[in-house]
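Next up, some structures in C-alpha cells.
First subunit A sits with subunit B, and in the next complex the same chain sits with subunit C.
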Partner chain A sequence: MSSALQFYMSTLLVYLGVSLIACWALNLQIGVTGVLNLGFIVFQALGAYTAAVLTLGPDTSNGGFQHYVFGAELPFPVPLLAAAGVGALASAGLGSIGLRRLRSDYQAMVFLVAAIIATDVATNVTGLVNGAAGLSLVPQPLSANVGLSPLDYQWFYVGLMAILCAVAFLLIRRLTLSPLGRSLRAVRDHEDAAEALGYNVYRLRLMVVVIGGALAAVSGAALVEFIGSWGPGSWFYQETFVYLAAVIIGGSGNNIGVALGALIVPVALNELPRFIPDFGGPGFVDAMRWVVIGVAILVFLYFRPQGIIPEKRNRFGLAGTVRHRWSGLATRARVRLGR
Partner chain B sequence: MDRLVGAFGFGLVTASILAIAAVAFTLQFGITNILNLAFGEIMTLCAYIGYLLNAAGASVWLALVVGAVAGAVFSALLNRTIYALFVRRGTALWGMVIVTIAVALIMQNTLLGLAGPHNFTYTIPPATTFRFAGLILTSLQLEIIGVAIVAMLTLHMMLRYTRLGKAMRATASDPALAQSCGINASRVIDLVWIISGALCGIAGVTLVMNTVSFTASTGSDFLVVIIAAAIVGGVGAPYGAMLGALLVGVTSEVAAVYVNASLKNVFAFALLLVVLLIRPQGFIGRARVAKGVVT
Partner chain C sequence: MSRAFAGIHAINDASFRVEAGAVTALIGPNGAGKSTMCSVISGFLRPDRGSVLYDGEEIVGCSPHRLAARGLLRTFQTSSEFPRLTVTENLLAGARADRGTTLIGALLGRRYWIAEERANLERARVLLMSFELLNVADQMAGMLSGGQKRLVELMRAIMARPRFLVLDEPLAGIHPATVESVIAAIQRLRSDGVTVLMIEHNLGVVERICDRVIVMANGSVIANGRMHELRQNPEVIDAYFGN
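So, the complex of A and B:
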C-alpha cells in the first residue's frame, strides 16, 4: 500500500472505531431499552471538549489565541477517563429531569431541544470552549513519548482504538446478555408490565442514559485526540441521526448488526461523496447526503424495521435457562419498533 | 424600564407567532397522537412559497394566504402519504418520532439543495411606527399580533361551538369511544391536519414577516421554542399552548435585551426545564395526564 493510501485507511479505521463505540452506546439506549435519546451527540461533544481542554493546557498556551475553561495538561489516559466521567454526570443531570414522568416521545423531544440549545451555548458563549471557532491544535496522545513516524503513529492510534472498541463491546455485551439486559428489554417491550413486575423503569432508563452518555463521551474524546480539533460544526444536532440511522439499518438491539450499520452509514455514507464529482450548487451533495439518510431511515422502518441483522431472540430451555440463538430470517418480520 | 417595556413589546410579537405555531403543533399531537417534528420544515416550506410569490411582486398578505393554503395541503398530504402508513403498520409512539424526524431531514435538505444556502428576504413596504405607553411597534408588528388574535379566536369558536370542534375534542380524549359514537375519526383527523397545517403556514410566513429574512433551517430553529411553549403550556392543551407561547415569547425577548440576543433560546429552554421539574404536566395539564403523557 502506498503511504497515502495507508494514511487514508488508518484514518478511516479510527473513524470506524469512534462510530462503533457511539453506535453501541446509542443502541443500548434506543435498541435495547427504547429510550430515544435524540441529544446523543451532545454527550459525544462534551467528551471531546473535556478531553481537548484537559490536553491543551491552560488557555494562555499557544499564544493564548483560544479561550476556554478548565485548561490543563494531563497525561494521556486521564483526559479520556475525565471525559467519561463528565459524560456520565451530564447525562445523569439531563436524564433525571427529562426521563422522570414523561412519556417516551416527550423524552425524545426534551433531549432534542437540549441538543439544539447546547450548540447555541457552545457557539455564543465564546469564553467556554472558544465559541464558533472551536478548539484546535489538541496534541495527539503519547506522540512525544512513543517517537513514531507520522504514519506509524496512525497505526499506533488504530491499535489504541481497537483496544477501546474491545472494552466497549465487552461492557455492552455483558450488559445486554445479563439478566439486567432482559429487564432493559422488558422496559422497551412493555413498560407497564415491567413496572408491574417491580422494575423501576425510570431508574433503568436513567442507567442506560448514563452508561451510554459515558461511552459517547469516550468516543468523542478518542476522536478529538486523533483529529486535534473540535467545534460546534462537528456536533450539529442532526449528527445524532447518522448514528440513529446506523442503529436502525444495522439491526436495532443487535450489537453485531449495529456494528454493520456503523460501517455502512457513518463511514461509507460520509466517505462515498468524496469520490463522486461535485454537482449541483454549493453544498448540494452534502444536502443530498442528509436526504439519503432520511430516506434510508424511512425505508428501513417501513420494510424492514428489524434491520439487516435482527435482534437475537432468547429461547428458554426446559430448566428455564436462556439459550441464545439467531432468530434468523425464519422469524416473521416482527415490528421491532412496535411494542 | 423603557428597555423592559420595549422588550415586552417584541415579546408580544414573538409570542403571537409562537402562539399560532404552538397551538397547531399541540393540536396535531392532541388529536392525532403524532409528534410532528417536521413542523418547522413545513413552516420553512410555506415561508419559501411566500417568498417566491413576494419576489414575483405579490404583497406579503397574498403570500400569507397562499402560505396557509400550502401548509394545509402539504400537512394533509404528508399525513396521508407517509405518517398514516406507519401508524397502520403499528409503529410505536417513539418510532413515529423517528419517522417525523426523517421527514424533517429530507424536507430541510431538499430545500437546502434546491434553493441553496442563501438568506431569502421578503420585500415589505416601510411600515409606520406607533408608540404608546412606552411600547414601540410597527404597523406590521401590530398586524401580526392582529392575525394571531383572529386565528386564536376563530380556533376557540370552532373548538367550542361547532359540531366539528366537538368531534375533535371527543377524538382527542378517546378515539375509540368517539368512533363508536358515530364520529368519523379519519375525517376528523384529516381536518385536523388541514387546520393545523394552515396555522403552520401562517406561522411560517408571519415569522419571516417579522424577521424579514430566513434560511432553510429557520423553521427547525423555531421548533425549539415551539416545543418549549407547547410543553410549558401542557402538550395537547390548545389553551395551554397559548399561555405557554406568551410566557416563552416574552421571557426569551426580555432575556435577549438584558443578557444576550443570541442566547434567547437558551432561556426558553431554561423555562422548559424549570416547568418540567416543578409541574411536568404543564400549566394546563389534565389533558396530558389523561393521555398518559405524564405519569
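So, the complex of A and C:
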C-alpha cells in the first residue's frame, strides 16, 4: 500500500472506531431501552472539549491565541478518563431533569433542545471553549514518547482505537445480555408494565443515559486527540441523526447490526465524501449528505424498521426443541457448563 | 376515596376492605370505576381524596415499582405484554433477579447471576406447562393471540411472587378451553396465601372462585358480600343484573 493510501485507510479506521463506540452507546439508549436521546452529540462534544482543554495546557500557551477554561496538560489516558467522567456527570444532570416526569416523546424534545442550546452557548460564550473558532493544535497522545513516524503513529492510534472499541463492546455486551438488559428492553416495550413489575423505570433510563453519555464522551475525546481540533461546526445537533441512522439501518437493538450501521453510515456517507472532490458547486456534496441520510432513515423505517440485522431473539428452549446455552435444562448444556 | 377525570367522577366516595388471603371479586357495569380503582390501589393514579391502606400502612403516593417490591402487583385491562421479548423472557422479566438486574451484577457477568436465572427459568417452565404454553415459549410475545397475551401477563405477575395481586379482567379474551387453567391458577394462588382482587364480568366464575364480591356502580360501592347474598340485593339487581 502506498503511504497516501495507508494514511487514508488508517484515518477511516479511527473514524470507524469513534462511530462504533458512539453507535453502541446510542443503541443502548434508543435501541435497547427506548430512550430517544436526540441530543446525543452534545455528550460526544463535551468529551472532546474536556479532553482538548486537559491536553492543551493553560490557554496562555501557544501565544495565547485561543481562550478556554480549565486548561491543563495531563498525561494521556487522563484526559480520556476525565472526559468519561464529565460526560457521565453532564448526562446525569440533563437526564435527571428530562427523564423524571415526562413521557418519551417529550424526553426526546428535552434532549434535542438541550443540544441546540449547547451549540449556541459554546459558540457565543467565547471564553469557554474559544467560541466559533473552536480549539485547535491539540497534541496527539504519546506522540512525543513513542517516537514513531507520522504514518506509524497513524497505525498506533488505530491500535488504541481498537482497544477502546473492544472495551466498549464487552461492557455493552455484558449489559445487554444480562437480566438487566432484559429489564431495559422491558422498559422499552411497555413502560407501565415494567413499572408495575417493580422496575424503577426512571432509574433504568437514567442509567443508560449516563453510561451512554460517558461512552459518547470517550468517543469524542478519542476523536479530538486524533484530529487535534474541535469546534461548534463538528457537532451541530443534526450530527446525532448520523448515528441514529446507523442504529436504525444496522439493526436497532443488535450490537453487531449497529456495528454494520456504523460502518455504512458515518464512514461511508459522512466521511468518504470529505475525500471526494467537490462537484456541483460549493457545499453541494455536504448538503447531499444530509439528504442521503434523511432518505435512508425514512426508507428503513418504512420498509425494514428492524434494520439489516434485526435484534436477536433470545431462545431458552424450554420446550426442549432448541437448547439454550444458559438454560442448563438440557443434559448436554449442563455437561458443557461443568455440572 | 374519590377520583375525577375532568369532571367525570370515576370514583365517588367508594370504600371497601379486601380480606387477606381471600379471593375478592370487583364487579359492576362498564364505566363503574373498577379499572380506575385498580390504578389507584397500585399507585398509577393518585386519588383526589382518600387513602389506601396496605397491611395497615398508607400507600397513596408510593410509586408502583415500590409497591411491586412490597408484593402488590397488578395486571392491566388491555394486553400489556413486552412484545419484542419472547414469552419466556416476559416471564423472566416478572421474576425477581436481585443479582442479574443490578449494574454491578450485570457487569460481573454470567457466572455471578446464572444460578438465579436458572431457578427462575425452572419456575417459568413449570408455569408455562400448567397453561399449556410451552410450545410458544420462544415466540415473541407480540405475535401471540390476544388471549395468549393475557395469559403471559398473568404468568408474569405470578412470577413476581405477589402477596396481593390485582387482576383487571383476567378472563377477558381468554379462549373458553383455557378459562379453567386461569381459574386453577387463581385457586393455587389462594392456597399459597396470596390475596387476590379480580375484576370479572362472568358471574358464574365469580361465584365459583371468589370468597367475597364488591359491587361498584357510578363510582360508588353499592354492595359488598357473598355472591348468593348479592343476588337477592335489589340495588345490585337494579344496577348490575337488571339490564
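Definition applied: the second predicted complex is superposed on the first by the 309 of 339 C-alpha atoms of A that agree within 3 Å, B and C clash if a C-alpha of one lies under 4 Å from a C-alpha of the other, contacts with A are read in each partner's own complex, and residues count from 1 in each chain.
Simple rule for what comes next: contacts are C-beta pairs under 8 Å (C-beta built on N, C-alpha and C of every residue); 3 or more make two chains touch, one makes a residue touch a chain.
Only a predicted model underlies this, so the values are computations on that prediction, with no experimental measurement involved.
By the document's definition of touching, of the two partners only subunit C reaches A:Glu311; subunit B does not.
Contacts of A:Arg185 after superposition on the shared chain: subunit C is touched, whereas subunit B is not. Looking at the shared chain after the overlay, A:Ala196 reaches subunit C, while subunit B stays out of its contact range.
Of the two partner chains placed around the shared chain by superposition, subunit B is the only one that A:Ala114 touches, whereas subunit C remains out of contact. Residues 34, 36, 38, 97-98, 100-106, 108-110, 112-114, 116-117, 120-121, 123-125, 238, 241, 244, 248, 280-284, 287-291, 293-295, 297-298, 301-302, 305, 335, 337-339 of subunit A are the ones touching subunit B in the complex. Listed in rising order, the residues of subunit C touching subunit A in the complex are 42, 44, 63-65, 68-69, 73-76, 80-86, 88-89, 92-94, 96-97, 99-103, 105-107, 109-110, 113-114, 116-118, 121-122, 124-125, 128, 134-135, 137-138, 140, 153, 156-157, 160. Note for the complex: subunit B touches subunit A at residues 35, 37, 82, 85-86, 89-99, 101-106, 108-110, 112-113, 116-117, 221, 224, 227-228, 231, 235, 260, 262-263, 265-266, 269, 272-273, 276-277, 280, 291-295.
The part of subunit A that touches subunit C in the complex is made up of residues 171, 174-175, 177-183, 185-186, 188-190, 192-201, 207, 253, 311, 313-319, 321-322, 326-329.
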